[in-house]
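Note that the chains take the letters A, B and C in the order they are written out, and that residue 1 is the start of every chain.
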Amino acid sequence: MSPQGTPKPHAMRTARPADHVDNGFYGQDVISVRQFSREKLVYIFSVADEMRTLVRRFGSADLLSGKVLTNLFYEPSTRTASSFMAAMLRLGGRVIPINEVHYSSVSKGESLPDTVRTLECYSDVIVLRHPEVGSAQIAADYAAKPIINAGDGQGEHPTQALLDLYTVQHELGRLDGLKIAMVGDLKNGRTVHSLTRLLSLYDTEFYFVAPDILRLPADMVAEVKARGHKAVEVEDVHEVIGDVDVLYITRVQKERFTDLAVYDSVKDHYIIEPALMARARPNTVLMHPLPRVGEISYAVDQDPRAAYFRQVESGMFIRMALLAAVLGKA
Amino acid sequence: MSPQGTPKPHAMRTARPADHVDNGFYGQDVISVRQFSREKLVYIFSVADEMRTLVRRFGSADLLSGKVLTNLFYEPSTRTASSFMAAMLRLGGRVIPINEVHYSSVSKGESLPDTVRTLECYSDVIVLRHPEVGSAQIAADYAAKPIINAGDGQGEHPTQALLDLYTVQHELGRLDGLKIAMVGDLKNGRTVHSLTRLLSLYDTEFYFVAPDILRLPADMVAEVKARGHKAVEVEDVHEVIGDVDVLYITRVQKERFTDLAVYDSVKDHYIIEPALMARARPNTVLMHPLPRVGEISYAVDQDPRAAYFRQVESGMFIRMALLAAVLGKA
Amino acid sequence: MSPQGTPKPHAMRTARPADHVDNGFYGQDVISVRQFSREKLVYIFSVADEMRTLVRRFGSADLLSGKVLTNLFYEPSTRTASSFMAAMLRLGGRVIPINEVHYSSVSKGESLPDTVRTLECYSDVIVLRHPEVGSAQIAADYAAKPIINAGDGQGEHPTQALLDLYTVQHELGRLDGLKIAMVGDLKNGRTVHSLTRLLSLYDTEFYFVAPDILRLPADMVAEVKARGHKAVEVEDVHEVIGDVDVLYITRVQKERFTDLAVYDSVKDHYIIEPALMARARPNTVLMHPLPRVGEISYAVDQDPRAAYFRQVESGMFIRMALLAAVLGKA
């Protein structure tokens, strides 16, 4: 997607009311994990902790009472859309859900800049899911109100990476000095790429576990090593299961393989069963961005180390924190 | 649908806060009419009466303020979805509407147990409409939060039966000693089956009015008789119209007939016109679960005995009562 | 669409609570611009001004707290649906969004009268978008609760015309003594027709700028002239650009032309570029109902006279005013 027209100069942007908290996020967009320093992560995670307490004790709050979020989803994602919606509702805000963009004025040829400039007339913040890389940045260039990127194709999905990292901290109490195994399709998974970038801010040992054709792109491995991290590439999760603090599982899709014999030869190396978990450490954290389709067996769900549903819940707290932060109420 | 994995043991379920009313419904699922005794019905109907008063006087209340309902509809049902949504909103709660499950992660192969365990991270109660028999029970087995069955295929649609029964009580002031005619497709109508089960709890005389090929299943007739009820099967509504307290009409679908000559010969026996209503008692209650397609003529709408739109309104009050009850606020 | 059955007599309509403001709109439907006198427009625009102040200062209000709007869209219109939704939410009300009517009970053959009589059991006001001319009036005939027409096919879209007129007043401070150019497809544009009717209530000089095959229907031109207005028809916007107070642009769709050579010969007369705007007056107001597809270049967006996004925002204020008015809270 190429930008159209000229972005609004900042001077023309809507004046902000005075009753906000100047937290470094107020009025800002959330487009990429590259925006996040360790300091910013400490801040957002501490707000997310407050959100957790608030939801546990009271269910919801009135922090964003009177605020309106537009959930603008150009492609369906029930999971992400629901998480942002719940986050806004539990903060007392309101949501305009737009899930059918393919039917709408956009299909009549309206540009993304016009759509976001229209919707920001109605709302205080826009969450955008769009199939094209770079679309979130274009939306942010044109909108005066904050844009939160909920996934721009093969680009980024920063709130997923933030919730993943926050889950590690919540489960283990720290982010430095950890051994993390990323498992599955490391070539195509934007989730893995974004999380790897965030983990690179910490003292992390990386274990990249993938079949040969789905290895992490070489430039990302090089980038991790250049930052001074240990980075080991292996093909079988059995090789690392006993050594790591975090097992981050993603799906190995049959469709990625041109030679199905190769798929059949490797697929069992990436399925997490109770027998495999028996070889993991007592407090290894087992994570998955969900949805899963067979790569973690249901029998593992009862294992207290299975953190994937707690990860879902942490996602809501992170999104509550981000919404409150960009609206100046955190 | 067969269950996958192991349901969460009750000990692992989310701790309930202490500020709830212990009403026998708190934290419970609503899956089947078989869960309802006369005592439970008295309770829910009295709460529904309170809801009616509340909406009439104030429009809405704050009873469920801070609570979030996920309306999870795997198949479209504008009517039922809107009724639950209105019920939650009028109690001060919030709603996450999910109407497009066919587009979502579910279509990527995610199981119902995973979907409900994800959505319950965001919400306090889940209303589920799903095309497969037994799906609501499976969801309830896995979810820690209450599941309300809004229809599971040819299985049950318990809130429809509850609102039907509640309408009878609201219109006539009592449930014992009534003569009830069920009219139309009694073979396939889950609505009729569930309502018949509920009415069997009371001193009811049943008149089952259907063409031969759409009679109530023999085992249901036997069950009703075994409980000591009078149950008469006839083919023409004219035979009973003058004798009954309630006329419950359902649609006779042309598609159910293999021999259209048979359809043509019977169809007029099941269409309610003013001339027919002239033969009914002055306070017979005319009900229909809606939508109708010709089986009650529009000319009947002005008849004060036509209760079908009051039935719709009663549906909202029943759903308000159920939501308040399972969330411990009734 | 032909009416079915008999509308509810007014005596049967729901009793109105006593705590309302008798503003001439309370409990009324908004179906056509023909309902609006200058007095009514003064009233609605003054309420819209209050709404603007309210949103600027506080973001939202509790004026419609406890009220429920059903947004019933039989055809998709993200823009209009979002605007009404935002309007209701910013007044503290709740919204039941129904965007997929093609999937719903309606597709099972339910009539519009039955659908609105069902939905009004759940809600306090219904906003209806429907593809058939006259559908909004039919809905209003049957519903006891107020119906607001959000577009009935080639019929009317009165809230668009109201927001257009309100934008003119907001931008220029007056409605009398103005020269207004309507540009583009004046034959098919219901927006242009409705706005022309409203402007006819004021001392307006009309300039109708269209290619020959897309001229304003002759009867509308005659009607305008019969009311004593100057009405000039031209084919090129250059002829009038320097003389008018308002330029109201609509799209000239290629699809309307059977002879593409004609389209190619005229299309550039209807595209607004910075060079063209250089010939307009310093305070000419440039409007467009959006979405645009090329008829105003993006380079014009920075021009302070480009009012189309302010027009979008004014739309929300007008809809807030109408919702508050028909619910007796303005």
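We take it that a residue touches a chain if its C-beta (ideal position, glycine included) is under 8 Å from a C-beta of that chain, and two chains touch if they have at least 3 such contacts.
Computed from a predicted structure; not experimentally measured.
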Looking only at residue numbers at the chain A/chain C interface, is the share used by both copies over half or under half? Answer same or different. different
One copy, chain A, sits on the other, chain B, after a C-alpha rotation whose size in degrees, in steps of 5, is 120
Approximately how many whole Å separate the CA-defined centres of chain A and chain C? 40
Two-or-more-chain contact residues of chain A, please, as numbers and ranges. 97, 100
Interfacial residue positions of chain C with respect to chain A in the complex: 58-60, 76-79, 82-83, 85-86, 89-90, 97, 99-100, 290-293, 297-299, 301-302, 309, 312-313, 315-316
Residues of chain C touching chain B in the complex: 4-6, 9, 65-68, 70, 94, 96-98, 100-101, 103-106, 108-110, 113-114, 117-119, 121-124
